[in-house]
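Both complexes below contain chain A, partnered by chain B and then by chain C.
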Partner chain A sequence: MSFSVTTRGDVCIVEVEGQLIVGNRQELKQKILDELDKGTRKVLVDFARTGYIDSSGLGVLVSLAKKMREMGGDLRLANLNDDLQTLFELTKLDTLFQISETRERALENF
Partner chain B sequence: MTPRVTPAEQRQLDVRIPSDVQYIEAIVEQVVLRCAAHSYPRRHLALNVPVALTEALSNAILRGNHDDAARSVHVRADVDSSRLVLEVRDEGTGFDLEACTEDPTTPENLLREDGRGLFLMRRLMDHVERFSDGGNVVRLILHRA
Partner chain C sequence: MSELDIAVREAKLAAQQLSESWEEINLLYSIGEILGRTVNLDDAARTILNEISETVGAKRAAIFVHEASSGLLRPVAVLGADAAKMKPIAIDDESSVAARVFRTQRPLLVPEGELESPLEAPVRTGAMLSVPIMWTSPTGGVPLGVVTLSGRRASERFTAGDQKLVAAIATQIGTAIQIDHLVKASVATERLAHEMQLAHELQMRLLPSPNVVAPDATCAARVEPALSVGGDFYHLFKLGQGRTGVLIGDVSSHGYQAALIMALTMSAMAIHAQNSDDPARTVTSLLASLSDELKQTEMFLSLCYVVIDPERGELRYANTGHPHAFVVAADGTAERLTATDPPLGLGTEEPRGSRRAWHRGSDLLVLFTDGVSDARDDRGRVLGEARVLDVVKARRAEAPQRVVDGVFALVEGHMGRVTPEDDQALVVLRS
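What follows is the complex of A and B.
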């Protein structure tokens, strides 16, 4: 599992490779907090290469979304496969996040 | 005629791990492999089993054993062509499954960082129970069909 960070314009793109679970959620949180410290206010988390997400991973995304909104920013998601989409629907977190089918579509109006 | 006997190693897993969340992925992988050997649906392999088992293991490690590496978690899996039975045993005193399960989808809970673990476990498995048997045990059952 790893996280890669790239930038497209003023959007920071974080790609989650492998699982986002209790054992690595703090690493993701810290990477995004570091970007916020640098002034980033738009973050896109790309799940194209993600396996599964547990409740801790979901919790970190909620926590970061709240923090970014408080700071006038936005956290958006892209590339959820059918299983991850189901996970977000089960927890109704699909109503909390703007979720795009592809990275390009997410970036279009960010 | 080839005997239709499933090798024991494809049926069962019985292992103790230290209370460290870094062990979770390896255990999940072993259980998923056994389910795959019995042709469980792809969604079970990619969603139901990994997420529910991860929740049970993290609860056992972080809550039951208070993240104390000196304590262990005992994991048993029994897989056949009809169902998966998982038992996760920690050294804690247990908890009330009904009382501790919250609905994270209500407006007042939606923005909470925690409180989704037991909910997901129960939504993704066919049966979840908790009992005490020389430790605190959470048993999860998933039918293949």
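What follows is the complex of A and C.
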């Protein structure tokens, strides 16, 4: 499992491969904090290749989203598979994030 | 010079060499004994320093030990000076002989007038011999400290033999220092393990006995923290007129901070649950009690609080981001008590409530945390919510304890020898 970081315009896109769990969440957090230090204020996390997120993974997304909002930025999500979409709905976290079906759609109005 | 004179002189020289060697052998033997008798590094260091100084004939000496956390060489034994006046030396100090020897890991004999550091002045008169204390491990040598000797009697010079002797002793001191480090680390680990065990027992004691809701309800519950202390918990309240309150919670972390949030939630709920039979109001009051702590710790709390009123045939609940809350009916259907809001600590100030019918004596309330349904086997495969519910449905007519036992047998069978990564909690109740 790993994270790849690319940039499209002023949006930083982080792709999560495999899982976002207690064992790698800090790595994702640090990657995004490093981008914030460089001045990035728009981050899109792409879950096209992610099969599973545990509660601590959800926690790190929430704390990053809060931090970005405080800094005048925005963190959005894209490409959740059906199970992950259900997880966000069951925990009502879908009300806290802007979630798009595809990367392109997420970038359209970012 | 006659042959006899030469013979006498050689005999005297041989006797002197023998005497010196005997002193050295005796010194090594004494130090071996000292190290064998004690595990107290300071006492051993002082005794060893006395023995070396006596043998080499140095009036001033010191043993410095490296402290990894501060990067300082700390004097642990001092001879010929007031130990209280000695200050630690930074290992990157360019003017210090001890620091240079520690960095280069090589012995150094410095003549009088050279490299005179004020930090070493109390233990230096004239030339100074300094030797690194090494610990040799299978991966190589590691410097642990430095021995310095100075003020040799009768202005004699330190010789290569002295250097060799001190180096041999330094190796033994290295072993003593390493043993001291290991003993201290072992004591600290043991103490920590003991404290974690106490914290675990304390946390388990905070959880109520399922019998507190009898005879209004029959309940069974089990919590298995992933670490000694965890963030999953439940609480039960007898609310009067046959009503029962049931809470399950999952703090978004493990360890001490999660345990603190758990303890605060348990005590705050004990107060708020008695003030209202409306779960939404109770959880709103709970959030007011916890919000500062949640903000400071960057944690959030998913919970489901259910109030069952069998007399009125009604179940009311507030669910802040808790996915696994169900009512399993007599016919085996499982209805989810869907979340009404995101987890506490994420901005919601007034969680909402919901209600549904409750069939007295036949409906089963089943609340569990994601550590149960997300348990993994040795190939990383997730157990899944559906399989947990299958066990519950199959045992729905049995006592709640049988349902809890069945689910944990399933979880344990699935995990095998895999250590759980997340806390596991399950509450089953009939009323």
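Here are a few things to note about the model shown:
One rule holds for everything that comes next: the second predicted complex is superposed on the first by the 110 of 110 C-alpha atoms of A that agree within 3 Å, B and C clash if a C-alpha of one lies under 4 Å from a C-alpha of the other, contacts with A are read in each partner's own complex, and residues count from 1 in each chain.
In the analysis below, a contact is a pair of C-beta atoms (placed from the backbone, for glycine too) under 8 Å apart; a residue touches a chain by one contact, two chains touch by 3 or more.
What you see is a predicted model, and the numbers here were worked out from it, not measured in a lab.
On the shared subunit chain A, the superposed partners chain B and chain C overlap sterically. When the shared chain is aligned, no partner comes close enough to touch A:Thr6: not chain B, not chain C.
In the superposition on chain A, A:Ile53 contacts chain B only, with no contact to chain C. When the shared chain is aligned, no partner comes close enough to touch A:Gln26: not chain B, not chain C. Touch criterion not met for A:Thr102: it reaches neither chain B nor chain C.
One of chain B and chain C touches more residues of chain A, and that partner is B. Among the candidate segments 21-29, 57-65, 111-119 or 363-371, the part of chain C whose C-alpha atoms clash with chain B in the superposed model is 363-371. Contacts of chain A with chain B, set against its contacts with chain C after fitting on chain A, overlap at residues 21-23, 52, 54-56, 58-59, 62-63, 66, 87, 90-93, 95-96. Within the complex formed with chain B, the residues of chain A that make contact are 1, 19, 21-23, 51-56, 58-60, 62-63, 66, 81-83, 86-87, 90-93, 95-96.
On the chain B side of its complex with chain A, the touching residues are 21-22, 24-25, 43, 46-47, 50-51, 54-55, 58, 62, 104-105, 110-117, 119-120, 123.
Interface residues of chain C facing chain A in the complex, by the touch rule stated above, are 250, 252-253, 298-300, 302, 320-323, 336, 338-343, 346-347, 370, 374, 382, 421-422. Residues 21-23, 52, 54-56, 58-59, 62-63, 66, 87, 90-93, 95-96 of chain A are the ones that touch chain C when the two sit in their complex.
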